[in-house]
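Paired with subunit B in one complex and with subunit C in the other, subunit A is shared by the two complexes that follow.
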Partner chain A sequence: MAVFNDSEELKNVLVGFFNKLASDETIAPNFVKSKLVIRFNYREPDLSLTLDMSNGKDLVITVNDKEKVPEVDMDMKADIAHKFWLGKLNLTMAITRRQMVVRGPVPKILVFLPALKPTYQIYKDYLKEIGREDLIK
Partner chain B sequence: MGLPEFFQFHVPTKIIFGEGVASDFGVELEEMGVEKPLIVTDKVIEKLGLADYVVNGLEENGVEVGGIFNEVPQDSSVTVVNRIAELYKRNGCDGFIAIGGGSVIDSAKGANIVVGAGGDLIKDHSGAQTLTHPLKPLIAIPTTSGTGSEVTTAAVIYNEETQTKMEFIDKFLPASLAVLDPNMTKTLPPLITAATGMDALTHAIEAFVDVDATPLSDMYAEEAMRIIVSHLVNACANGEDVEERGWMMLGSTIAGAAFSHSECGVVHGIAHSLGGLLKIPHGIANAIILPFGMEYNLSVREERFSKIANIFGVYNENLSPLENGRRAIQYIKSLKEKLKEVAGLPTKLREVGVDEKDFPEIIKKTLIDGTSIYNPREETEEGILEILKNAF
Partner chain C sequence: MKGYKGKIIHVNLTNREVHYVPLSEELAKKYIGGSGIAAKIFIDNYKPDLIPFSPDNPLIFMTGPLAGTKVPSTSRFTVSALSPLTGIWGESNSGGYFAAKLKFAGYDGIIVTGKSDTPVYLYITPDRIEIRNASNYWGMDTYKTEDALKETLGKNVEILTIGPAGENLVLYASIVNRKGHLSGRTGMGAVMGSKNLKAIVVEGERPVEVADSERLNEILKEILPRYQENITVLALRDSGTNSSFDLGIQMGDVPIKNWGLGKWDKAEHLGPSLYKETIYREIDTCYNCPVACKRIIEVNDGPYSVEKGPGPEYETVCAFGTMLLVDDLKFISKVNDFANRMGFDTITAGSTIAFLMDLYDHGFITKDDIDGVNLEWGNKEAVLELVTKIPTKEGAGALLAEGSEKIAEKLGKGKEFLTTVKGLEVPMHDPRGNFGLAIGYATSVRGGCHVSSLVYPVTAGFAYFPEIPELVDFGDPLSDESKAVLAAKANDFGMFFHDSAIWCILGGSVLNATEIVNIFNAVTGFDFTIDDILEKGERIWFLKRGISHLFGMRAKDDKLPAKIITPLNEGPTVGVAPNADKQLKEFYKLRSIDSETGLPKKEKLLSLGLTKLSDLLYNKNI
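Entry: the complex of A and B
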């Protein structure tokens, strides 16, 4: 059974989480310095989230945005995204096994890895905050 | 190193090896159903008669050559790839035969994506694992012993529009057939033999010490190191010696299989920057940086470097892993000196026109290179600077 029942539930969880990262004074600067526009295309359920860091200062999140042109597109099942943010999935292995498909410059994604480590705990804490401990397994 | 949490190992390329095999692989083509292949090569290979050597063999085996594209430049580009794909379609070909070094093989891989998957090469397929089905048959006939591209899942193609080198990583990219014929490298000049050989040795060493090394990639990396250090100097000194050439071809392909799985590290990261910024040939850049990159990583991989010392035949059981690791590094420094003597291989950055004022840009580029996450020791500005200063 899929972790998220529908797109609305997925959106509420992930948009809230990304907003939390965007406002984190320690984490956000490590992300925005990439000046990257990245789009996550989720399936089962379907949802697209675009993270725009192009001005090098802010992390702006838009949902199902068809206007912004991302430099990197990442396609994956929503379950895979959840597993990744819980810290239970090795990014390079997920790419190798085609659990994630990357369109665009792969190195720009890989260099995020050191900055991602602290976010796994933040995701768990965030799920607790919103009363979704059931998703931490 | 402990038991890996997870890994996969996949080398789908059929490999045939032997003197003369590049003009005699009709039976393999028949098996693959290839009747009208497109030859992809460059003008140097053509001038050396190596393309004719293959084409004559094909014709003797009754294979109709669908066309010859001989304009692959030193660095493959999107325009070239699209031209190859266009010729393939126009002539109704049914497979690719790439005769050349890394750039030629990568160009054929790129054209195979365009032909086999359709869409826009960069927009739809740059990145990782974008392909959903196998491509057309691709036969790779290397004419250098260095890149290992015939068995790797990657291709690098220059995008003129954005002036960046784009990576394509996919399980469907390795050649269907690698034809390893030592005759194809006999005419390679000593310097190119040395530089490409050091590229292959760097693949093997970095694959062996990187964070994604596994017992299977280790097997390939160890054997590749053993072969390359035993034959590289002789292959440079006696280019016509088919046996030495043959061993180097095997060493390069085996190293390719190793690093295709466990990737490269800081040495390749710096070499990519030196190539991108200052056009330093990749093999020469690797050769210059290698011992200093090893020194940088030694403290976090003492046991591994000690094993390398054993492979190189300089291990001393009375010494600590750290001291044996140093012996492995010293061995590489001595190897470089020998290659300088027999092939004129540059051993320092200053010899290839690098200036200390280039260091900040090299460092910046290296830190965002895709290899940085695989290096066993975290890459830092100070660390890269130390390597560059030592290599200067």
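Entry: the complex of A and C
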């Protein structure tokens, strides 16, 4: 059974999470200094989230945005995304086995990776905050 | 039979005789190449009283059938002998340019036995083999030796050389090609030094013939674009083997403070971004390898200046960085440069210093034991002072030159701080973040190692062989479930893929098992299936392990050191650790190995055609 029942539930959880990251004084600066525009293309359920950090100051989140041109595209099932933010996904293995397809400049992605380290705990804390402990397995 | 040259050189340095050993089709089909064939040569010439520095210890350099062909990432060689560091089967595997050149000279390998009275080097061409005087080069570091020999013999030669560490029998001395391509592990450079063999120089331009070039071209046309698309390859090209450092920190793969700490805030100073910003200058690569994971670095300023040259790999960044709580890439570059020049292995050297730091921290040794050095965690000057004494064995250098396990034996204490399996310090990948590594390390044929079986590449995720179910479905990374069956199959496939055919685990990671077999068949003209190569891999694994049994290795030596499987109090793997004993028990059963002795059942050996090994282990009259 999929972790998220529908796109609305997925949107509520992940947009809320990204908003939390955007307002975090420690995390946000490390994200925005990448100046990346990253699009997560989720399926089962379907949803597209774009993180625009191109101005180097703000992390702007848009849903199903067809206007912005992402520098990095990441396609995956929503379940895989959830596992990733829980810190339980082997990213290398997911990419090798094509559970996650990444398109974009590898050097910039490598530079961005360390910024993700503290986010796994924040995701767990956030799920608890919104009463979704059931999603932490 | 194509791919092979059909000829192995045997040089006896005692009587200065050279002859040729044919590499038959039967031998090739059964033992493939690399350390598979080397192990067969070793057992055929086995002497019960052999010791590592005995002239009779055969030092065997072997290529595989793909070396020198257009197949990417396969122009590699292995060097094998009884290891002076571990006392069991030793081998090391290296890229660079030597393997292709040896094939172009018309040879598949070189066996060196005996001991020269004076320093010599081998000069090998398609037409002649000469044993030449190397007195002028003895004492030179590997960089100067490479330059001096090329100055004399021309730029068109390839050279393997030892440095002062090998000459002085440092037990983990390495063999170096082109300054940055090292056969580092298990002390093969010391065996070379014990024979007074300073270098091997090879020259030749004869191409390697392949059986079905049309078929090979078809396959290559399909796979070559992947080297421009595969994320792992692109990351390696961008940031070298250290590209995985940040992910490793996040997943608990990187050992910190001699495996005693789960997180360290300063680790970020060792990642790929800073590497690129501070020390990186250029990309470098091995013969015909589009991955290009090697780094050229330079440090112009400060106390740790380094001339432009080969940079530290991931393993060295960890062994002299996180392991010692040193967060300075320029310092690590300095140590790496020194180790390359002097010719010794940075994994064993760094781990040995980390072990001594733990002993010092816990009061097991004092300054008096280590030349007055204050060996506190993170003390770079102390590390540098000790490291510089290793190749000459000056003062405490004599102690360090033995590796950590022998130091513990000499001191009669501190074994709880060791990170060795079968005497070999484990590499920089933590089984507490990846439980399969526990059984991978325990059953690696040369001691703690992450490349001879494919447990690490498969569980780390960059290699994927969907045709072999055991290498796909191996359960949760933090559970012991399915790890024994994974290790058995990973050993079998690894013995073929990495040790014998000889693919680089990084460059070969873009391939699946079917493609690997198809390429191998197109080059050699054989008609192997995946099952065939697994069967051959199994035979080679039992043979190498069996050789170590002949030198006393038993089940107790399969145990992992407590230090690397004690749960950590912090970090991404807090509170968890593999149950290595449980994994081993299952593994022994799968492999028909006696759990008390660790020895294979006689019937198992006979079923694999390992009759001589069976006789040696079970018929004491031989």
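Basically, the second predicted complex is superposed on the first by the 137 of 137 C-alpha atoms of A that agree within 3 Å, B and C clash if a C-alpha of one lies under 4 Å from a C-alpha of the other, contacts with A are read in each partner's own complex, and residues count from 1 in each chain.
In the analysis below, a residue touches a chain if its C-beta (ideal position, glycine included) is under 8 Å from a C-beta of that chain, and two chains touch if they have at least 3 such contacts.
Please read these numbers as outputs of a predicted model, since none were measured by experiment.
Once the two complexes are laid over each other on the shared chain, residue contacts for A:Lys137 go to neither subunit B nor subunit C. Look at A:Lys117: by the touch rule set out above, it reaches subunit C but stays clear of subunit B. When the two complexes are overlaid on their common chain A, residue A:Val106 makes contact with subunit B and with subunit C alike. Residue contacts after overlaying the shared chain place A:Ile95 against subunit B and subunit C alike. In the superposed pair of complexes, A:Lys66 makes contact with neither subunit B nor subunit C.
When the shared chain is aligned, subunit C comes close enough to touch A:Gly87, but subunit B does not. Shared contact residues of subunit A with subunit B and subunit C: 90, 92-93, 95-97, 102, 106-107, 110-111, 113-114. Residue ranges of subunit C in contact with subunit A, taken from their complex: 231-232, 234-235, 238-239, 243-244, 246-247, 249-251, 268, 271-273, 459-464, 477, 509, 572. Against subunit B, in their complex, subunit A makes its touches with residues 72-73, 90, 92-93, 95-98, 100-108, 110-111, 113-114.
Subunit B meets subunit A in the complex at residues 5-8, 123-130, 164, 166-167, 169, 171, 212, 367-370, 372-374, 378. The touching residues of subunit A, counted against subunit C in their complex, run 87, 90-97, 102, 106-107, 110-111, 113-114, 116-117, 120.
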